[in-house]
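Next up, some structures in structure tokens.
Next, two complexes with chain A in common: one pairs it with chain B, the other with chain C.
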Partner chain A sequence: MDLARIGIRAFITYVYLLIAARSSGKRTVAEATPFDFVLALIMSDLIDDALWAEVSFARFVAASGTLFVIDVIARLMESRSETAYWLLNGRPTIVLANGRKKADGLRREQLNDDDLAHLLRNEGIDRRHEVRLAVLEVDSQLSVIRNREHEPVTSRERDLVDEALA
Partner chain B sequence: MRALAGVVLSAAVALGIAYAVVEVAGDRETLVSPPDAIAEAFYRSIVTRRFEPAADLLSRRSDADRDALRALADEIARNDGRVTDVAAEIEERSADRARVTVTLRGERSEEKRDVDLVWEDDAWRVRRLDNGN
Partner chain C sequence: MDWAQLAETAGRAALVYVVMLAVIRLLGKRTVGNFTVFDLLVALMLGEVVDEIIYGDVTMAQGMTAIVVVAAAKYATQWLTYISPTLNKFLEGKPTEIVRHGELMRDALRSEMIHEKEAMASLRLKGITDIREVKTAVLEVDGEISVLKEEWAEPLQRADVLGGKPDNDEPPPEKRTDTPEALGAV
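== the complex of A and B ==
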């Protein structure tokens, strides 16, 4: 296949996807949800077909454009309805409360003790009892609320201590 | 709603550009599948016995029916064994006709087949199948 034509096709496909993705108001990859993941998988297969001319550009636009429209409609629905949000993204899961593991939450998220310890270490925590609440969010990030006594000292608090000692 | 309008508008503009490039500028192989890609896809479908997608690539003027496609798959399997690779190369091309040579590499042997394609309904389609040589 002519290399120049592959280049032209790749360029046009890239420009279209960039414009469509920007128009749809896509969030960052770090905030990707399960729905975004499914969309990315399907889109990557469509892009492959388009780049190697297995389908015409018009068919690629029709298929990917329809997916973008579905994505925008899904996000409009989830912003208006809590049920739609849960259906499309799942629910956050409590995996640790008051230093104790929540077995049902860990089971639902298919996490074992090592996984939990790993996620906590990523937050700079090596002992569970430091945690008041740990929630696995829908984007698979762990949100941690520490016990008051284990929260990092703020610069304001440090200043107050310095003032008291002075 | 603005996002929805933006996505629909970008798709409409892209389709308009594709239409202009194909219909007005006469593109036959950049924003559409070129004849060699169609011929290759056709034979890949045949050798994997997916006759439905193969039939979709046939021209309205083709005289090949599903039985003919099945017979073609059987014949290739008899000649070459299981086909492991399909490659296509354009031999001749005009605005609305193309001739492509498809090479089928099988476990037992390799054969070349000529495929005539015609530009029909904004796409290249297989018009006539040659016997293997």
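== the complex of A and C ==
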């Protein structure tokens, strides 16, 4: 295969990926679930065989098009049905409730004490007793909800701040 | 154009989609995200082995064997690191403290091969402009730097200003989005 053809094939695959990425309506990589991520890997992996002409473009389109269509159907289902959403993405897991570890949640996610400490440090949490609920979300990020009294003061409490300062 | 071959490719792709979804769901949320380089490598590996399956370079049975073995090994590793702190430290590494009470730990930075400027940039990304506000900054096993602030550098909390007075702004239950039920969490 001569260099010009490689160049043309590389350019076509690039444009194809660009269109696929834009039309998937996907959020950023950081917000993607583990499966979104692996699916993106599969897509990019399918394409290099087409680029090197080891498979025809027709077969590449059959393969990636199928994945794309199934994924769109899956996303339509999960946006319309809560059950489908939980089935495809898993459920968020409570790892800390009222400052105490939730052993069953941690076991389900195979998180040991070091992992939990790491997740909490990432969120800047030092004092666990201030946490009402810490939840490992389906995209593997930790969300932390503090007890109300430990939430930061907002402008709503301006009077109280003035009073406290006076 | 060989339509039968195209149909077979499409069928294999569909099957791979279902299998990979099942594998990722069984492995749990650790596969990618806040976790280690090794977690990422396994995700890359699983993503890389399937093109031969889809294009029929290997049989379905061969492909599934590879996927199942990698997934099972990953699951076993996760479980072993979960039950054994020693193995956890060996496989995932240890976090390193790089700032303590406002002072950069220069030896730690040197042994982690991080330049001071890089460390300061990580702190800026966390909104720290005055290093004295940092109680401890830790280089985590996933390469991120986490920051815990000194108590005096943290925002005032409601309890600080309420001073025992009743909280009159409690949101009504139906407005709350943070109950376990609303989260759908288990």
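Quick notes on this one:
Everything that follows uses one rule, which is that the second predicted complex is superposed on the first by the 148 of 166 C-alpha atoms of A that agree within 3 Å, B and C clash if a C-alpha of one lies under 4 Å from a C-alpha of the other, contacts with A are read in each partner's own complex, and residues count from 1 in each chain.
Quick note on the criterion: contacts are C-beta pairs under 8 Å (C-beta built on N, C-alpha and C of every residue); 3 or more make two chains touch, one makes a residue touch a chain.
These numbers were taken from a predicted model, which means no experiment stands behind them.
After superposition on chain A, the partners chain B and chain C are accommodated together without colliding. Once the two complexes are overlaid on the shared chain, A:65 sits against chain B and chain C alike. Within the superposed three-chain model, A:86 lies in touch with chain C and out of touch with chain B [touch as defined at top]. Judged by the touch definition given at the top, the superposed model places A:37 against chain C, while chain B stays out of reach. By the document's definition of touching, of the two partners only chain C reaches A:108; chain B does not.
In the superposed model, A:76 lies in contact with chain B only, and not with chain C.
Applying the stated contact rule after C-alpha superposition, one finds that A:138 touches chain C and leaves chain B untouched.
By the touch criterion defined above, A:8 reaches chain B but does not reach chain C. With both structures placed on the common chain, the touch criterion links A:55 to chain B and to chain C. With chain A fitted onto itself, chain B and chain C come no nearer than 5 Å, counting C-alpha atoms only.
Under the contact criterion defined above, the residues of chain A that touch both chain B in one complex and chain C in the other are 54-55, 58, 62, 64-65. Across the interface of their complex, chain B is touched by residues 1-2, 5, 8-9, 12, 16, 19-20, 22-25, 52-58, 61-62, 64-65, 68-69, 72-73, 75-76 of chain A.
Across the complex, chain A is touched by residues 1, 5-7, 9-14, 16-17, 20-21, 24-25, 27-35, 43-44, 46-48, 50-51, 54-55, 78-79, 81-83, 85, 88-89, 92, 95, 126, 135, 138, 140-142, 144, 146-149, 155-163, 165, 167, 169-170, 178, 180, 183-186 of chain C.
Every residue of chain A that touches chain C in the complex is listed here, in rising order: 34-35, 37-42, 45-46, 48-49, 54-55, 58-59, 62-67, 70-71, 82, 86, 88, 90-94, 105, 107-114, 118-119, 121-122, 124, 126, 130, 132-133, 135-142, 145, 148-153, 156-157, 160-161, 163-164. For chain B in complex with chain A, the touching residues are 1, 3-4, 6-11, 14-15, 17-19, 22, 29-34, 36-37, 41, 122-123.
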